[in-house]
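Shared chain: chain A. Partners: chain B in the first complex, chain C in the second.
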Partner chain A sequence: MIRALLLSTLLASPALADEIWVTNEMDDTVSVIDVATLEVKATYPTGERPRGVTFNRDFTRLYICASDSDAVQVMDPATGEILHDLPSGEDPEQFVLSPDDRLLYIANEDDAITTVVDTQSRKVIAQIDVGVEPEGMGISPDGRIQVTTSETTNMAHWIDTETHEIVANTLVDSRPRHAEFSPDGTQLWVSAEIGGTVSVFDVATRAEIAKISFAIKGVQPEKLQPVGMRFSPDASKIFVALGPSNHMAVVDAKTFEVDRYILVGRRVWHMTLSPDESKLFTTNGVSGDVTVIDMATLEPIKTIKVGRFPWGAAARAMP
Partner chain B sequence: MRRIIHAALIVLACACGAGAQPMRIDWLERQVTPPPVLSNMQSVPEQLGLDGARLSLGDIATTGKFTGQDYALRETVVPPAAPFLPAAQKLLAEGARVLVVKAPAQDLLALADLPEVRDALIFNTSAPETDLRGANCRANVLHSLPSYAMRADALAQFIQTKRWTRLALIQGAHPEDQAFAEAMRAALTKFGLTLAGEKTWLFDANMRRAAAAEVPLFTQDLPDHDLLLVADEPGDFARYIAYNTWTPRLLAGSEGAKPLGWAGVVEQNGAAQLQNRFREMTAREMQAADYAAWAAIAAIGDAVTRAQSTDPASMRAYLLSDKARIAGFLGRPLSFRDWDGQMRQPIPIVTERAVVALAPFEGFLHASNELDTLGPDRPETKCTAFGE
Partner chain C sequence: MNALLAAKAIIGRELARFFTQRERFLAALVRPLVWLFVFAAGFRAALGLSIIPPYQTYITYETYIVPGLCGMILLFSGMQSSLSLVNDRESGAMRLLLTAPRPRWFLLGAKLVAGASVGLLQVAAFLVIAYFYGLKFSAGGYLAALPAFVMAGVMLGALGLFLSARIRQLENFAGVMNFVIFPMFFLSTALYPLWKMQESSLLLANLCRANPFTHAVELIRFALYGQLNLPALGWTVLSAIVFFGLALHGYEPARTRSGRRPD
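After this line comes the complex of A and B, so read on.
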């Protein structure tokens, strides 16, 4: 018994570096990046067309939207084994986990529905009709409001998580891709890929308080297509992936001005921060790689080859 | 195989929700009997175009559910032998003001010139003639289908990026073949390329039996070339050219690498979602005419939502303004040129199995919008009807 414990401690200790898990949409795999070595240490098979990806709070479960398998898969990150599927509705693309770690709000892209699944009972507890091609999924830090954006209806749908009913619909620019609440819950940020803008809403009044546009010298304005977004740990900045312009924008969260642009891989979609908050990892769909950005200098420091069409990214903190 | 509906007039109304005043959109189609082609195995879908319109109406009606705007699609299909204008006039008398039209150029122009459509808005989803965006343009007609010139420019840019400089052309005898061949010649000139030689296909033999014997001889006296362009828009003979040429050469144009407004292989930029929805509804692949109809109604929906008006003049003004940025699954915002009413759109170059490339290409620069390197640009337009 003691020997076994010692052995497991010995085996576990070299593997304590944090990890970044990346879904590869066209390879049906997830790549596991070691944050210390910045190398891919494992690749695990998933269902078909994996896109959205997130960990539960204690990092013991990885949820994966396997879009073409019509399932949310639950993986044990310790082994890479798929434990079971959750009912997800058809074509789950992206989702968000409630702050209490229990409910997944899933965008069913082909069905114009937001599906709410209880991860413990493994049952669908609500389905909400939203606009065509729901994609962006945000949830307020207190868990009271879930926002689904619909790409073809061009709206943010504000859903009350008590009643699971839409309480408001806000028109945004063309093809909204991502919804992100500010960490204090007072603002909602929505990116519009074809509109080329990011809209900022006051959550209390749902009024638009700012609209951010982008401009990079030498890049056609049509290519500046905002997709994924992420706040910096101190909430002073927000990082915006600008798709086929192959750049990230760093936006000042107070002034709504773009501070700088960072060159990354081709068609940058989403991103995640390392658990120690020192590095940002972006998924670059077309170039099939991940760019690592140093958070202190805001410079790209490495490109890591992953699978084909990396889409989502989630960070796993190790104990 | 080609079935023609002989019903006098098919009128279907879509009961879409229960709003106060549904906005009326008219689908007006003039059926034409397609010319005979050498293979009967791939027929033209009966609801080509209309299926795209129906899908798009569902999309904008979903948006309307949240904005309180209802839409109704009135479908009118005029058979080949029936008179077209009286059918159109009946709709206009009933109050039709926004018309999505699938009709040959002469019918489209006759419709656009009716006095009662002066304040209406017409979307051309099927007539590719460049002239309809040029000397024969009409201020009340917007075009969601790319013109021959746009498709030919897309192909010429592609050829230029490939540095294929030795080119030959075979064209068929149909007027559409001549129009597309003419557009390709003009596009080659525009992008600094030249044609080494060309021939016209006049054979009327059954090529399923004789292609292997006919095509090598037919292509033997063409000057040496890297790429053989083919203009065969009805899809008649060109399918028998590949692998039967005197020298082994790639094909492009109406066969081989085809510049099309849309095709079932378009996948990137979220297109997979649109394709899935279309296939689920129709059990077939979405074609360029379906996409043009889809895009016309998507543009209508966007104009109503953004301009907050169902008035044709306000919608037209919005669509022609630089505010219009319509999402069309081709990676760049769609909008309409304010000098000829043509929808700006990327053009996929496709084979049967994949998108080879998407025009416009890097290096073909434009002062305001790279999409305007495809088709007649503002300085060279022959259209004067939009100079308001």
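After this line comes the complex of A and C, so read on.
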């Protein structure tokens, strides 16, 4: 009898829905979107100008690049409380967490440096000189190579994570803003905002194997500015945010052809997948909202108002 | 039984006329397609982006104007129907119709249903082309829109009936174009949302709000997304009743006799 009661209570208790956390650059806040209802369920204050954002592996910590506070903040997502800051160097814009969940590689835009911070000891363990205005941060799935792109030098800097030294520099098109490794680690994709292209490199040889351009009927070519990128769960497609063109491009990862364009909000920056991989959430800076794309149909299904100038997005799986 | 036969004859005549006039069918399709393929491309940037119910996200201008163009087809179809009635009056077929042994409301109602059926066929053809152009709705949306098309078609047909009672000669139909169709179409939410209209003029926005065609378009727009816009339905039904009442009044034997030119 007691067991039956307990079981029914357990079954009746609602499972917590997964969440999408979005940084609002102009509001100094993060908005929390409920993936089930597609509504904002909470907003928490952060440091100044929050941009890059990521969760640790078990979703107990949220790391936020508070660019104008010159800090990476660590938030408890259960309470929305800022627990402490990590030493980040000046003007951290984007970062990437190592696959072992321990090291943060942070791009310091003003200092032309990549700072490596140990999230456990909260100490800077290395600072690597890179090109001017570093921004795009990628790390290979095995954690051996970290790539920083520098917006003004127009380069991808390949950093050995054992030695924390640059092992190669690769020229890319103008203003590279994002670097993304393919899930199998064999390719590196770099978006160039002003160049209007995405370059694909073979990781083994570091040779460029493809360059993708974009064209949307009725949209001026200079508005096609690739920024954030994200692979689909099966790695067959890559989604590219095209900034002020207000569209996402869906690129076939095998043929490097653009399959389609999806209309989203104004000045789309970055994106994240819901933990169940059924929806993609894009941050639309100028329109201050997040567009939800159904991954099965690749159709936009809803746009949700968040704070002013949403920038980064990270997904939190709930137990 | 007799009633069914009479209704069948009226609707059958209208459909037969429609199917034998291929040019009319093409013309009915070309008009909205020109808007869709040509004007929508030009206006895309001018409209700007907006999220208003029933839309949940940003849409292209082409997507926005599809319900309005369906309404446009029904509007022209309703007017075409009134044009044919004027023609019927001139040719004498009208006298034949009105002297049938059925109540006048029934005969005019059957004529209305006949006109709406023709409009529905044109809308269906337009939506098929739009589908292949990439402007798709869910199966449920198409299904839900069916009664909305019928209601809008009946309302606009009733307006046509009312006008046909007033127009004595075919030549006057140009006036209908200028004073009824164009203002109704342009002062509605068919081509631009109400908030956009309000940005330029509150008066024009209020005229849009009062326009029965706006409500017909909004009824269709919401239905295509599987939603019921109750106020739009209410206004469309009310307008249909008023127009049909006026048409019945216009076709009263006393009025039609006095209005007829001496033979």
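Here, the second predicted complex is superposed on the first by the 304 of 319 C-alpha atoms of A that agree within 3 Å, B and C clash if a C-alpha of one lies under 4 Å from a C-alpha of the other, contacts with A are read in each partner's own complex, and residues count from 1 in each chain.
In the analysis below, a contact is a pair of C-beta atoms (placed from the backbone, for glycine too) under 8 Å apart; a residue touches a chain by one contact, two chains touch by 3 or more.
The model shown is predicted, which means the values in this text are computed figures rather than measured ones.
> Touch test for A:Gly138: chain B only (first), chain C only (second), both, or neither?
Neither: A:Gly138 stays clear of chain B and chain C.
> Once the shared chain is lined up, is A:Leu171 touching chain B (first), chain C (second), both, or neither of them?
first
> Looking at chain A, does chain B or chain C touch a larger number of its residues?
B
> Kindly classify A:Thr303 by the partners it touches after superposition: chain B alone (first), chain C alone (second), both, or neither?
A:Thr303: touches chain C, not chain B.
> Is A:Thr152 contacted by the first partner chain B, the second partner chain C, both or neither?
first
> Considering only the touch criterion stated at the top, classify A:Asn246 as touching first (chain B), second (chain C), both, or neither.
Only chain C; A:Asn246 stays clear of chain B.
> Do any residues of chain A touch both chain B and chain C, and if so, which are they?
In chain A, no position sits in both the chain B and chain C interfaces.
> Within the complex, which stretch of chain A touches chain C?
217-218, 246, 263-266, 287, 291-292, 300-303
> Show which residues of chain C lie in contact with chain A when the two form their complex.
It is residues 41, 44-45, 49, 51, 56-60 of chain C that touch chain A.
> Of all residues in chain A, which touch chain B in the complex?
91, 109-110, 112, 131-133, 151-155, 157, 169, 171, 173-175, 193-196, 220, 222-223, 244
> Going by the contact rule set out above, which residues of chain B touch chain A in the complex?
59, 62-63, 66-67, 270, 273, 276-277, 280, 302, 305, 325-327, 331-333, 369-371
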